[in-house]
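Each chain carries a letter (A, B and C) given by its place in the written order, and its residues are counted from 1.
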Amino acid sequence: MDVILSVWRQVGPDAEGEFVRYEANDIPDHASFLEMLDIVNENLNTNNEEPIAFDHDCREGICGMCGMMINGQAHGPQLGTATCQLHMRKFKDGDTIRIEPWRAEGFPVVRDLTVDRSAFDRIIEAGGYITVSTGSAPDANLIPVPKLAAEAAMDAAACIGCGACVAACPNSAAQLFTSAKVSHLNLLPQGQAERFSRVADMVDEMEKWFGACSNHGECETACPKSISIDFIALMNRDYIRSKFQQGRLAGQR
Amino acid sequence: MAHTEVDKRDSVKARRKRPFIIEFYSSDVGKKWAMALSGILLLGYLVAHLLGNLKVFLGPENVDLYAEALRDLGGELVPRQSILWLMRIGLLLAYSIHVHAALSLWWRNRKARGSVGYQTRTTYLAATYASRFMAYTGITVFLFILFHLSDLTWGPANPDFVYGDVYANIVATFERVPVAILYIVAILALGAHVRHGAWSLFQSIGINNAKFNKWRNKLAYGLTAFIVLGNISIPLAVQFGILKL
Amino acid sequence: MTTLDSKVPAGSIEDKWNNHKFSIRLVNPANKRKYSIIVIGSGLAGASAAATLGELGYNVKVITYHDSPRRAHSIAAQGGINAAKNYHNDGDSVYRLFYDTVKGGDYRSREANVYRLAEVSNHIIDQATAQGVPFAREYGGLLDNRSFGGAQVSRTFYARGQTGQQLLLGAYQALAKEIAKGSVEMINRSELLEVVTHEGQAAGVVVRDLITGEVTAHSAHAVVLATGGYSNVFFLSTNAMACNTTAIWRAHRKGAHFANPCYTQIHPTCIPQSDESQSKLTLMSESLRNDGRIWVPKTVGDNRPAGDILESERDYYLERIYPAFGNLVPRDVASRNAKTQVDSGHGVGPLNNGVYLDFKHAIARLGEDTIRERYGNLFEMYERITDDNPYETPMRIYPAPHYTMGGAWVDYNLMTSIPGLYAIGEANFSDHGANRLGASALMQGLADGYFVLPYTIGDYLADFLNVDPVPTDHDVFRQAITQVQDRTAKFLATKGTRSADWFHRELGKIMLAECGMERSREGLEKAIREIPHLREEFETDVKVLGTNESFNQSLERVGRVADFFELAELMCRDALDREESCGGHFRVEHQTEEGEARRNDEDFTHVSAWAWNGPNQPQTKHKEQLVFENVKLATRSYK
């Protein structure tokens, strides 16, 4: 198939960017979207034009490296799918496809379609862990975890950290990411000791970088793992509780 | 791309030294919580206000007595109008918080989007018009309230205004076609605002339970329908001559 | 040829690790902060090691080419992680896990290492669970297990089809905790381009910032390579696009021996290639073989849709040849048989390059809902990629390069032949022999990172109390920086006509044909002739646009491809040298009449560790004799 691309090109973080038009011809329709970009890049290289920079790695939808706005949708038109698992058969011959990087103050553009998502790492560093030094863990079966709690925690933990939630949010809010990380640990018995300090610290860190939630729900549809905004409610509740409870007697910071 | 980690957790602790409620309100989640709680108050007011107003359909005496009863709240126990004023102050406070939180969040969100926004029209799948235009419907409602007060409470916007003569004032103002239209448009904006707000507040205060989640939206739709239809029925009734002097 | 000392401690196999932990030197807790350690890579092995070293009090610097430590390809492991917990009371034990792993590795692994691996496997599950890894549970709240990849006990712990992701997130979160504490400094989007040694000992590394192009030196008392495997030498593999051999190869060029490079694993259940533009192959978890049945049409070139082929016209070849294990034979056996079927014209699909994996019978027996519960996410993934619905038509699968058992040679302490340079996880060669069993990679990465390296590294560091690391303005670093800059400049100045990817793809074709699932003397010799030609062409004709001082992904790739070229040649030499078939290494000259692998225990019960002799010089082979005191060498039979 033949498609026409309109790709955001920007040489560096401070440079001005612009859309550049490319023709992508003879693309096999079982090629993935990124393989289509590979072909375009190969042609650009042949024509002495620098290839389009885009982040990608595992190409099986789990590492969370890839991600771009495709025709105004994070990760493109197929729901519950990361860009690398989007295939060209979802497009029609002759389509024009506009590709932009994620845009948010917390995700500065590095080059072309590549953005810097290290703000997500800062959020995890603020408290997205259970403090357990290597070797100090008790036998794994000592603490029974209700199957449903483990399942719910897993639903949240499926987050791949791609940033589509922020990209799709009209407020550039990272509530879905943060709530998924908070809920993963806060739903488990192992996470209870740090439950409230975790949520307070992670939310405070999140707010340094990203906007506020208006409950649009756009993040949920953009998420390649279809993580539910139910977790945002859970995070909000825990955050509110962290502020109102008697910390010392609740055994919490 | 090295980064040396300054211990941000210390700064978080330092922030905690402020009075907790200020500290809480200074966070976005706290502001959303405040918006939700003030929103609940405002919703309660809207419902009560509408219930009272619907008394116009029971005749002039009925609604005028209702207005009088409001001023008389508390009976002989308190100075006349004091309870009403307390309610007004509470309402004003809730409204101020609601507006302040909304404005500061709106400003923050604008900044969070960054200097270069999307150049391609975003395809929205989940966000509704109601949710996306909360700020605009909110501003519309705010401007309408100013008009509404000067129309039916203070009087300058209504040439036939007579203090205490509620029924007559209502009919007089809604007999003017532009006012009726303005009123209906404002109520529709309010409806859109309520539609998203009444659902959204559950998320903001963290009430989420698979057992009743589907009712959150139904409640929002029900409230919206009640508020919109109830409020619109009055100017329409005046225009169609059902309510007249 | 010299014989290498593996430093395996004396004593019975059960006591070796305990005795060793007691006899090696410790570093006083108060002194740990005086030592600096660089960890390259932040996958399971790297992140777990860095987090643990940070907890212990060392000064740790972690360098990764990813934008975040959470991206490493460990994240893609689907199936699970083994441990000898025996929670299912089905006769599992540390000894059995040890035995199975040695046998699965076709008796080409080091007994003591494997035993230690089995021993610490239980601690890994404890550690991961405490970190909040949401392993699957039974209704009673206790951990669920499944049997996996031909094991006859249920010892595999799993978190849906995303076990690798969850374990990596656990290690990443532990690392994040240490980063916040300040004991670990994280350096993202920076790639190691040179290992620096001083007086024969590891002194540090030289890295290039992938965003600014700045080349900097980092020095430390010890350097740990946790940089994964080299399956991408085949171009098409299940590895992530960026996986490469550069770190290990640069170490090899500085004196680290490269062990068993020809031991590569080809995973039997991947989605077949659909066309030339394909950039990678996608693995479907091996657990699918628990319920799916593998078959091909009996008639050569039968291109009817699968549904039209009658039961009597189908050849369930694994069940036919291996009645005892059937579809659950080990990976190498399943892969080779698929290749045989496709090569003999029985392949299915538009390119006739796959075999069917059919769930029809399982769905009839268990119902679609049960199958959906077990494999739903895999079926979805399959449909997304191929546009076929596996509930209705059988999946098409074909083997793909997946894991490399070979890697940097390390002793029992996980130290390479360069003192102070360690290799952990897939980057070393130590535990899997000639073939890795399913659900063992996660186990090994975490065992090395959490429970082995943090102990053994202290023994080496103890010598350097109050000795500063070599300063980064020392000549050895200056020279290394210059070398890196020259190399980069050379790539940019070549200004040829074809991209690095093009050469990589061509190299991959040679490697897959001659050094893939089946190797022959003739083919390997041909490859050894062809690769240098292609490399020469690459050196004079590669085209890299852009500059060094920018985010330049073509420049990243060209350096990796250059190192793959040298590695590819060594892999072929090693495969040629190893005159036997074992595990993932199958030489057509060495097979039984039934076409099964035939080992040569007399001449090849050793590790081949190759030493660098300089560019364009064949490496010298050193041997580490493998001694089997506990497991009796036998012919693997799955019939």
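Here, a residue touches a chain if its C-beta (ideal position, glycine included) is under 8 Å from a C-beta of that chain, and two chains touch if they have at least 3 such contacts.
Just so it is clear, the structure is predicted and the values come from calculations on it, not from any experiment.
Seen from the C-alpha centroid of chain A, the farthest chain centroid is that of B. When chain pairs are compared by contacting C-beta pairs, A-C ranks highest. Put simply, the chain nearest the middle, going by average C-alpha positions, is A.
Taking each chain's centre as the mean of its C-alpha atoms, chain A lies 34 Å from chain B.
With each centre defined as the average position of its C-alpha atoms, the distance from chain A to chain C rounds to 27 Å. Look at where the CA atoms of chain B average out and do the same for chain C: the two points lie 60 Å apart. Residue positions of chain C touching 2 or more other chains, listed in rising order: 179-180, 186, 188, 211.
Contact with two or more other chains is made by residues 1, 3, 5, 8-9 of chain B.
With touch defined as above, residues shared between interfaces to two or more other chains in chain A number as follows: 116, 118, 125-126. Chain A contributes residues 8, 17, 19, 69, 71-73, 79, 98, 100, 103-109, 116, 118, 122, 125-127, 168, 170-173, 200-201, 203-205, 207, 209-218, 220-222, 229-230, 232-240, 243-244 to its touches with chain B in the complex. Those residues of chain C that touch chain A in the complex are listed here as 48, 51-52, 55, 66-73, 75-76, 85, 87, 123, 125-132, 134-143, 159-160, 162, 165-166, 169, 172-174, 176-177, 179-180, 186, 188, 211, 238, 240-242, 274-275, 277-280, 282-283, 381, 384-387, 450-451, 454, 497, 499, 501-502, 543, 545-546, 550-554.
Chain B meets chain A in the complex at residues 1, 3, 5, 8-9, 12, 15, 20, 23-24, 27-33, 105, 108-109, 111-128, 131-132, 134, 196, 199-200, 202-208, 210, 213.
Remark: chain A residues 11-12, 27-28, 30-32, 34-35, 38-39, 42, 45-46, 48-51, 53, 55-65, 78, 81, 85, 87, 89, 110-111, 114, 116-118, 120-121, 124-126, 128-141, 143-147, 150-151, 153-154, 157-158, 160-161, 184-185, 188, 190-191 touch chain C in the complex.
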